[in-house]
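Input: structures, listed below.
Common to both upcoming complexes is chain A, partnered first by chain B, then by chain C.
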Partner chain A sequence: MKKNVFVIALFLMFWQQLSLADLTIEISSSSDNALPLAIIPFDYAVGTKQPKTDVAKVIAADLFSSGKFKVLPNVRLPSLPSSLGDVDFTEWRDLDVDNMLLGEISMSKKGLYNIKLTFIDLLRKKEVISKRWENIYENNLRQVAHKMSDQIYQEITGVRGSFNTKIAYVTVKKVSGKKKYSLDIADSDGFNSQPLLRSNKPIMSPSWSPDGKNMAYVSFERGRSEIIVQSLNGKMRKVVASYEGINGSPSWSPDSKKISVTLSKSGSADVYILTLATKKLRRLTYNFAIETESVWAPDGNSLFFNSDRRGKPQIFQVQLGTGAIKRITFEGAYNSNPAISPDGNFLAMVNSSGHFNIGLLDLETSEFNIITNTYLDESPSFSPNGEMILYAMNDKGKAKLAIVAIGNSMTKILSTESGEVRAPSWGPFID
Partner chain B sequence: MMPFIFRYPISSFMALLIHVVLGALLVMIPQNKVEVMKVSLVSTEDSVEEKTQSENKTPHMKTFAVDSKQIQLQLEKIKQQEQKKLNQHRQLAKQTQAEKKRLVEIKKKQKIEQNKLAAEKRNTLNLKKIAEKAKKDTKLAEKQRLVAKKKAEEAEKKTKKLALEIKKRDLKNKQLATETLLQQEMAEEAAQERKLSKAKDMQNLKEVYISNIASTVRSNWRTVGRVSHKAECTISITQTPRGNVSSVKVHSCNRYSTNLFKKDAEKAVYRSQPLPKPPVDELFERKIDFIFKP
Partner chain C sequence: MNICLKKSALFLVIFSALFLGACSDNPKKKSNKSLFESGYGEGDGSQVEVIGAGGQGNIDGYNVGLNEDGSIGIDPSELGADLEPIIYFEFDSYIINDKGLSIIKHYAEILEENEDEAIVLLGHTDERGSPGYNLALGEKRAKAAKESFMLYGIEDKRIEVITLGESQPMIEGSNEMAWSQNRRVEIKIK
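This part shows the complex of A and B:
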């Protein structure tokens, strides 16, 4: 097994050079209920080398994709103030612009970038965010931009932004008639993609550990399904479940110490809990129907899973303390792929009454809404702040990813130039 | 005649009444007079009767035979008789004298009586005259009385009329006064009402003004965050007369109000600048408080 890890690591290093296949982003819809925002073109100090990354553009795209901001086009900017003192508030009020972002970029003595960003509340006429980054490599400018986006998002919505996070997904490409699979990690906007694993055999169901250190996924690299846990730093990779039959749907416990899996070693597919340190298995369901796609509730006391024990798939909840099982979904004939929101209040799933879309169930009020209008949606995954859902869908026969903002239906579609993208998983906050 | 009566029914009646009264007086006054005289006559007759009775009591004389001694006795007797006769004569004379005296007395009395009668007759005549005069006087007096009465009546009438008029006038005045008072009261009431209603109007206008501001702020409410629909705060605004906001305080919030809600409420106020003007300038308030609920 150690040998395998080594081989794959080498393989990764080799492929990384070739991987410039960032996801292409398209916005499928926009929101009316967005706050107008002016981003003044950043002020580059004399002698500053123009970086490849336009920080202002990255921030604009982040905020726009949330559906909560609309950015004034540059041609409509009435003036280009460089500080709060320069701002003529009435002209911005006339444009109905509430907020303004100012930026100064200069070179540090080390030849790196110094960035100063100021976010101005034009209504209350004050600086609400003022941040400085020093000695930033050009490659990290996007991250700086995402961090600033998170700050702005929090200032405006009261909720921590999740732009500076990572997503994992599987791409499938056909190279000379053979399918090539890749487990990739990218920024939440699809940029900076990096492969974690390349394989000629299918890779499925990647799942981030809540501590952000490891990834669990299903790999068929040895001809049958196995569950593998791999550290993101590439130092550790191990098969944790390789039982007879199905080994699938890994999901991390909130403390990152256990994973729930689907095993069919006893006949039918059932949900088990595997304690990673001891490799001890605990069987949770004992039904001859298919029980799979388990996810942990954030409090760690229960799991949601998909079962067709009633004929068609529905979501059930099992209490770890008592083993009691309760049906959760009743909307539509088909409910699968459960995902639980970080606060534990919402359950997302694939719902179907003919079309497969992502449904959102308020577990407190039982209010249910379909939140997507794409085609053949699957594998929903909440952003760590619970404000967006990343999922897989099908666009004209091609599998793509989409991110939908909960509450305003703003949808961003991520796709690859050649090939398909599927099985997304949104990573935790990066602290 | 009749048309006259009909024309002046009161006067005709009064005339008739006067005649009747006069007639009655004429009948009554002589009767009284006769009665008085009769009484006087009766008393005279009584006294005469008494005197007649005393005349009828006068004594009758007798004759007798007498001897020596007897003669003496007789003489004596005769002497005595003589004496007696003499005495009788004397007495008679005395009596005659007395009678004469009495007769004179009677005559005197009769004369007095006659005088008296004459006097009485005169008196009667006088009385008659007096009566006539009295009658005349009465008539005159009556006339005068009637005139006076009429005058009095007229006066009374006049007085009454006057009184009535005064009363009427007073009443009118009173009514007028009452009316005036009423009007005044009404006016005052109206003024008060106007004042009140103006105050009320002003109050209403003020409420409208403040609700205008509140609804403007509400219409400028924007949030992209998750805010409970139960969130509620009091917003205190300080503004300039042009409706520019100098300060906003969001306070007294209920438990559903998050910091984001408070911040967005404050922004909604700034976004509402210039705040709506009051409908009347005097209603302008530098400090405005209202409860805000998105």
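This part shows the complex of A and C:
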């Protein structure tokens, strides 16, 4: 039965009732080689209204979740210096603490917040980061905290932090026995969640455009899979692929002008490139087997995808210039759902030899490691700095997200109390 | 502004109701001759709300009201468990076993006697492995079932194939009992 009737009407959102379902966070394991860090409780100037956001706590949680820092508990702080001049360097050396964060929060003339944050290298006895933010709304204090976390992370590790970024994911809730799907975005720590789309039908495979403006995803709102591109502000929404058969697994080109997709309009599932401006399709694979879940190499010259052309799914790479196809994964009976690191050096994927976990392949050395130990892991997505992987998993029958720091065992679990959460995609850097 | 928006929402509700009313009166349907439960392509109307991010308070989105329902509503007790219109599969496989073939044969015979009926085959997988791959695997299962229907003489154009991948399990749960029920192709009247 075909019905091509769209009823488009304005809709009034009752935001307070429907939103604000932040993800719940738990840290499942911690790392041994973490760098000790002192975060001194911030100074609040006289007359400052206590904000709901504890900026120091947000920074501490960010840095701790990277697995590279451990923050001294407040009870173990030997003193509470308020500036570099107050610091007794020997007492901190005795505690093996090399770095310290100080903060001052005051009200601006406009009744908003002024924040001054100072990061001190206790060995060099100097301020290495000193930042001021002025006239900040209370709602934006978390963002200030994430920006400071990014700076500290970069100062210590040499790599840009990706705390001040967003993630997208799909939540599934049962309302009077019926499943309700929502495509949401949130801060990288699961706070400030906002819906982009709600549907009575499944939403799959959200993919964030590298320019941060649009989301591509699969929606079953008309009973079968279609690929939709939607702007984050909700003003633009287009069905970009609605061919007979599968319309799945959208992935953006690095220049945000094309998406690779899976279509089965010519028989079996194959990978195509869709140029969004011209709607022109280029077919990349011609095999009778399943070819799907393509992702672009960061240089835009090749794509990785999975194919069961050898019987079980494995990852292959296709060169756009020549069309040449090469097998990439050999470890395990099942490798699917590739994700490529931002520097193009590592490939993450769903790997199984019985269990389903996230595997990480060094494309230069071919070293392969399983980096997760949760259950039924899928949908890996790199943080924009390549240091962490966000993925979906199953915890006692409930779908949750997890973030694992590459190179240490730190894993953070993100879940929603009222339902399930899956299909994560980590957004780009916000400049 | 708010009043205007509310009116539009009301319009949507009324329009949807009218449209659904018209739909349930479909004169072409001859479901009384069929043993299938007709559960696809009718129902309460699907809709999505599109919402813009980045704002506070009320955000003006728009509502796309649609009218198809992919809900799965089989009641095997009406059909006899042996002949329920579902074909089951092994993990990561789209091979139809003898039981599946006998089910397809049974429904192919019904289709032979009801020349105006067409079917849709809904391919599903269990939750394991990656969702994108499972979307393709669900289609392979439904297409394998379609080929079998065609071998029993049912014309290509009477069989639509839709994959739902792992998105709509029959049974919730992360164990082999649930998974074995979820790896399936459902036969639905169109």
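General remarks:
We take it that the second predicted complex is superposed on the first by the 414 of 431 C-alpha atoms of A that agree within 3 Å, B and C clash if a C-alpha of one lies under 4 Å from a C-alpha of the other, contacts with A are read in each partner's own complex, and residues count from 1 in each chain.
Keep in mind that, in the parts below, a contact is a pair of C-beta atoms (placed from the backbone, for glycine too) under 8 Å apart; a residue touches a chain by one contact, two chains touch by 3 or more.
All values derive from a computational prediction rather than experimental measurement.
In the superposed model, A:Val58 lies in contact with neither chain B nor chain C. In the superposed model, A:Met393 makes contact with neither chain B nor chain C.
Residue contacts after overlaying the shared chain place A:Ile358 against neither chain B nor chain C. Using the contact criterion defined above for the overlaid structures, shared-chain residue A:Arg224 touches chain C, although it does not reach chain B.
In the superposed model, A:Ile185 makes contact with chain C only, not with chain B.
Between chain B and chain C, C touches the greater number of residues of chain A.
Of the two partner chains placed by superposition, only chain C is touched by A:Met204; chain B is not.
Contacts of A:Met148 after superposition: neither chain B nor chain C is touched. Chain A residues in contact with chain B (one complex) as well as with chain C (other complex) do not exist. Of all the residues in chain C, the ones that touch chain A in their complex are 2, 4-6, 8-9, 11-12, 15-16, 19, 23, 26, 40-42, 46-54, 56-70, 92, 127-133, 135-137, 139-140, 161-165, 167-168, 172-174, 190.
Note for the complex: chain B touches chain A at residues 222, 224-226, 258-260, 263, 266-267, 270-271, 273. Interface residues of chain A facing chain B in the complex, by the touch rule stated above, are 33-35, 66, 68-69, 93, 98, 121, 123-124, 156-159, 407-408. Partner chain C is touched in their complex by these residues of chain A: 1, 3, 5-15, 139, 185, 194-202, 204-205, 218-225, 230-235, 237, 245-246, 248-249, 262, 264, 268-269, 290, 292-293, 306, 308, 312-313, 334, 336-337, 350, 352, 356, 375-376, 378-379, 394, 396-397, 422-423.
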